[in-house]
Amino acid sequence: MINIIGVLPDDTIETDVKVTEENLKRYKWYWVDFSEPTADEFQLLDTVFHFHPLAIEDSGIILQRPKLDYYDGYDFYVTHTVKQEGKEIVKEELDFFVGDNYIITFHFEKSKEVEQVWNRITSQTIVEKWDPYYVFYQTLDKLVDAYFPVIYDIEEKLDDIEDNKQNQSMDELMDELFDIRHMLLHIRQTVNPMRDLLYRMLNSQHLTGVKKRREYFSDIYDHLLKVSEMVSSNREITSDIRDNYLSVTSHQANEVMKVLTIITSIFTPLTLISGIYGMNFRYMPELDDRYSYFIVLGMMLFIGLSLFYWFKKKGWFD
Amino acid sequence: MINIIGVLPDDTIETDVKVTEENLKRYKWYWVDFSEPTADEFQLLDTVFHFHPLAIEDSGIILQRPKLDYYDGYDFYVTHTVKQEGKEIVKEELDFFVGDNYIITFHFEKSKEVEQVWNRITSQTIVEKWDPYYVFYQTLDKLVDAYFPVIYDIEEKLDDIEDNKQNQSMDELMDELFDIRHMLLHIRQTVNPMRDLLYRMLNSQHLTGVKKRREYFSDIYDHLLKVSEMVSSNREITSDIRDNYLSVTSHQANEVMKVLTIITSIFTPLTLISGIYGMNFRYMPELDDRYSYFIVLGMMLFIGLSLFYWFKKKGWFD
Amino acid sequence: MINIIGVLPDDTIETDVKVTEENLKRYKWYWVDFSEPTADEFQLLDTVFHFHPLAIEDSGIILQRPKLDYYDGYDFYVTHTVKQEGKEIVKEELDFFVGDNYIITFHFEKSKEVEQVWNRITSQTIVEKWDPYYVFYQTLDKLVDAYFPVIYDIEEKLDDIEDNKQNQSMDELMDELFDIRHMLLHIRQTVNPMRDLLYRMLNSQHLTGVKKRREYFSDIYDHLLKVSEMVSSNREITSDIRDNYLSVTSHQANEVMKVLTIITSIFTPLTLISGIYGMNFRYMPELDDRYSYFIVLGMMLFIGLSLFYWFKKKGWFD
Amino acid sequence: MINIIGVLPDDTIETDVKVTEENLKRYKWYWVDFSEPTADEFQLLDTVFHFHPLAIEDSGIILQRPKLDYYDGYDFYVTHTVKQEGKEIVKEELDFFVGDNYIITFHFEKSKEVEQVWNRITSQTIVEKWDPYYVFYQTLDKLVDAYFPVIYDIEEKLDDIEDNKQNQSMDELMDELFDIRHMLLHIRQTVNPMRDLLYRMLNSQHLTGVKKRREYFSDIYDHLLKVSEMVSSNREITSDIRDNYLSVTSHQANEVMKVLTIITSIFTPLTLISGIYGMNFRYMPELDDRYSYFIVLGMMLFIGLSLFYWFKKKGWFD
Amino acid sequence: MINIIGVLPDDTIETDVKVTEENLKRYKWYWVDFSEPTADEFQLLDTVFHFHPLAIEDSGIILQRPKLDYYDGYDFYVTHTVKQEGKEIVKEELDFFVGDNYIITFHFEKSKEVEQVWNRITSQTIVEKWDPYYVFYQTLDKLVDAYFPVIYDIEEKLDDIEDNKQNQSMDELMDELFDIRHMLLHIRQTVNPMRDLLYRMLNSQHLTGVKKRREYFSDIYDHLLKVSEMVSSNREITSDIRDNYLSVTSHQANEVMKVLTIITSIFTPLTLISGIYGMNFRYMPELDDRYSYFIVLGMMLFIGLSLFYWFKKKGWFD
């Protein structure tokens, strides 16, 4: 579907605009939104707007890296939105062609961010404050703001894992940690190129539309810097949690094995002694002695306690 | 609450100042401190000082990244204080608007650092040495000085952990180590952007207030470099401690298992022998022999000692 | 084998061209493809084209690093193709000499990419759109596009491993993971220098052929950036998978050892008791008592259950 | 204590110099050494030399980071010496104020390096070759040369650990490794800022004293580069040693556990059999048979050997 | 020993040259090779050639870092050769003083590379193609080419280790891996500074001798880039191999422990039962029953099988 806003020289807007080269010339500037475009609509990028084939190709491809390409008379931006659905990070691409007197937004899925900006501009009668780069800024701002809830959600999950608030088994914890690391990796693949894109925009000599609103785009860049740092901090925390569990686990294994070894070491010799006096040889002098049984019991007690104190002295009970 | 110092052309100060555009013009320069401001006071940033909406928005948000934004006629700084409360690092934001003839400090919590500088300036009658950037320097210097005790405290804890001075269990040690790593990560998130902020200030062409006092801000930068290195060194030490414990633990596990295996290997065959001669078959020729018992005991001793020497020869007792 | 296309001043092409200096001067521009060249054909680089000995040496060597060398009147490029054969990444070198009015492609193995471009140009009658750098771009574009299936295949395998979809044993999984890491390392050795090569091309002042088609080579650079990021992400995922398995494995070891220790700890003392009352001493007062047997059985039950609850209380069953 | 050398215009030296502004003007250049200065002597930095308060503050603080500050008319350097005392790296600070016609050295502990240079200059009668920056170079050179024995000593210790030449227990080895890593970290904290300091000196436009003797300071920079690389190589070696021990340890654990499992698996079933025929039931038909005993012994042998060969076939003895 | 080639203005060479300042002036250019120089010969660097004391000092020191120093009228290079002797990487230093009309090579050990170049130049009668920087290039080229066999040998060893082709024990494998890592570290210490040296040479404004032969030195730089990447790749492979073994080892440990636990868990209770009925109490009602023995045997079978299926159901046999 294609939606268009045409802004007339007196800063009033029209929304019922025919997309022909002739007609579009009437407007001071205009915004064309390609939302889930059909193949026919997709053709318009070429037939009406005459964009470069490589830019059109990039629009048609799903999930290019976020980037900025300069073309004659317009700039082409690829950006990503990020959403969390279950244990998966879902990204969608939102492309912008920004010229002096127009902006084209292009996306294969419905875009909440575009819709919000659309509603805001169409709710006004005079739009003198707006121009193509302001539309671009507004959309980008909403798009980047949407990264934060995803990270906050991950941070909350990490907090739960750290203290094992949900009483999960080790296997579940490790699996969840692994999924979180996976998600952070996916987010990083979007956030870092987005951050670099904004950096490039802020330092570009060509982008007068950005220069004029430097503080606005700078504000978005701040957000991306912050998200980027949160992502890498959280990845460090995940690996810290894992290393911590590993240390604790291997220590526990040690403790368990000490118990096993102490029990085995104390009882095995005693069992042998009892086995020896359970043998059925005819001539076993000790068997007939009146006090043998008590002597052997005493001996067992002595051996058992000796071993116990030996282990204690070796510090195995600490 | 809002506190104001107005400095008159003769370098005397007034503290009972009305915050209106008209009135403020009387002063050579002035300092307005927003401490735990009410919503009404917050409005003054816009209505009286006419700061940019994005700068005002940043003031209103808690825990922006430390940063510097240039606006027409003033610079906007976001900085962080760091305190330790129990096992948590608590950070608070302290914002500065610095113009030619004013400085605005803005913070949602009471600020010990601002208070100190306030007391120092108000205790003087002539303040010719002071100007807005000197107030900024003084506050920043105190704020950064406050990072050191936090790090020193962590270093002390690490020393305790290294030598296990508090005789903690492995679990407790690893948990404390994990918390320290967490804290260091949190501090790093403040210190590194602060360091980069100072670097940017020192190398900025626009900040004449910083240029004039280059050696002072350079001194703060030195401190931040040092803190930043201490943070990363200490993170390395924590991971060293953990790796060290892991090595030692896994070695101990080996030793424990050797003891277990030696005991088991020596006594299990002997127990089998005793079991065999404890069977109740009617026809067991050995049982009737006069010396059988002693032969079997000798045999057991021989097997036991052989196994013992075999393990010894394999180096299991080293 | 050598194939040649000569483009005449009227933009028609000839494919039956004699390779002599004299003859080649007739053409507006020409393309010579050395495919699996014989030693004699290899000589032509020197005798007919007079390339620099070091460039010729580089052509003769197999698997140089991707790179660009400027020589007087022409540029020399070394590039790599990447294919997957079983568990091995196979790379082949494709060299280009690009001058103002010629392009030489040089490869010791058949090149699918060169063939595709060859077929495309020879299927046209007028080739006004083409020139040496366009041939270069077309080949490079196909060559880089061929990296993607290799990575996609690896990503699929990683997905299989993550969820162990093929029900492999731990040994097989780790071995496959190791092979994948090996492959990613090999790909990285090609992709990163290729990426740097394109970066250098895009930022070179000398390469007018690249400048004229900046957006095209920029498109290839985008692809290489993306591949490069996929490679490093996937390497991180492999190490994550391994660390995850390691955590889980070491946790399981703990669980297994707990079972062992519980069983041993409960039954070993009971076995000792049974052994004691199985001894054949003549004077063992307990043996004659009517209720001794039941008392001992009860005692055993009590000791067994006590130990069981003690372990339970220690949390060994969680 | 303060020592002073004054160099007269005829390049002869005086060592009995009064530290007053007036008197010092008589000399072509002079060197004042503050060694373990008293509080009174410390004041002279301000009262006689009028250094900047921040530079004086830095002198008074122990263990600033090595650095260079430019002040009007003089440069201020903070450098570190490194010594090894037992298992601790001891660092001391040595500060330099270098002006056109003077050098001030400042240190709270006795400095062997300063003493050496002092003795060398005072042993000469004509010192035309010397000037403040030459004194600085000489001292710095000695100071940096003193880093090497510390590293060489560590390398020797690592060699000992690698081959366990001192037959230490695993615990001792790991502890020593940990201490070495600690020391290397400490040294790195000095060496890297020192290296960066020299780099900055060599590339500074302001330091004519350094420019004039570029090759000399460059020589020191070489040394620092080398030390810095040795430190990081040795840290890698320590972690390699630890990882190696960990691999070997975990492999040995495996071997030990296999022995345990084989022994247990073979003997436990046999012991059960002997236990069964040791039961005292009145009706056990096998007991009365003439050959039962031998049949059971044979059966035991068969089971034992079968299990043995089964483990052998599984490759547990490799 | 000192060898000299003097090239006369007519490009013929003399090899019987007296080393005096006077005599050397006769030549268009000359090459002096100090091979294993005596102390007297070492003096010539000062007395005849008047090199800077720091450059002479560097020549006298063994194993400086590879580097380049500019002096008035000549450049001083320190380079390293790399050889493998057993499990050790042996490096030797080869120093060059290169002036407009001379080159001095200096080495304390015999140099195969110098010899090769020497033989090549002396086998010619007219040497118009040669000059000091061409001698330098030729030697450097050979020296760097000699790095490759060392790496190839290591790669082969790694391949052997990967597939354990030599059927080594785990201990031997880990030890060999450790030695290989050690060697790679040593090589890296030479290769990376050599690479940086070439980079600096190629980008230096001062070195006209290098500029004139840019493509030749660029070719050496390519080689060093390639070696440097091979070294770091191979280090990654070694750590991959180790991590892989560690994973597999820890998995095997798990499997072994499961076998142990299953065996122990099944047989220990049965042994207890047999022990109970082997007790010698006078009043044990079960003993007299005709079918007790068979009931107990059946019970044992039932318990054993139950436990077996319970472990099977828990997935311990997978």
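We call the chains A, B, C, D and E, going by the order they appear; numbering starts again at 1 in every chain.
Heads up, the rule we're going with is that contacts are C-beta pairs under 8 Å (C-beta built on N, C-alpha and C of every residue); 3 or more make two chains touch, one makes a residue touch a chain.
In this text the structure is predicted, and so the values were computed from the model without any measurement.
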* Structure fact -> In the contact graph of chains, the distance from subunit A to subunit E in steps is 2
* Rounded Å distance between subunit D and subunit E, as computed from the means of their C-alpha atoms -> 24
* To do: Provide the list of subunit D residues touching at least two other chains, using ranges where the numbers run on.
  => 246, 250, 253, 257, 260, 264, 268, 271, 275, 278-280, 284
* Answer with line, ring, star, complete or other to describe the graph linking chains that touch. => ring
* Asked: In what order do you meet the chains if you trace the ring from subunit A in the direction of subunit C?
  -> A, C, E, D, B
* Residues of subunit B touching subunit A in the complex -> 52, 54, 57-58, 64-65, 67, 69, 71, 170-171, 174-175, 177-178, 181-182, 185, 189, 239, 242, 245-246, 249-250, 252-253, 256-257, 259-260, 263-264, 267-268, 270-271, 274-275, 277-280, 284, 286-293, 296-297, 300
* Contacting residues of subunit E [partner subunit C, same complex] -> 215-216, 218-219, 222, 225-226, 229, 233, 236-237, 240-241, 243-244, 246-248, 250-251, 253-254, 257-258, 260-261, 264-265, 268-269, 271-272, 275-276, 278-284, 316
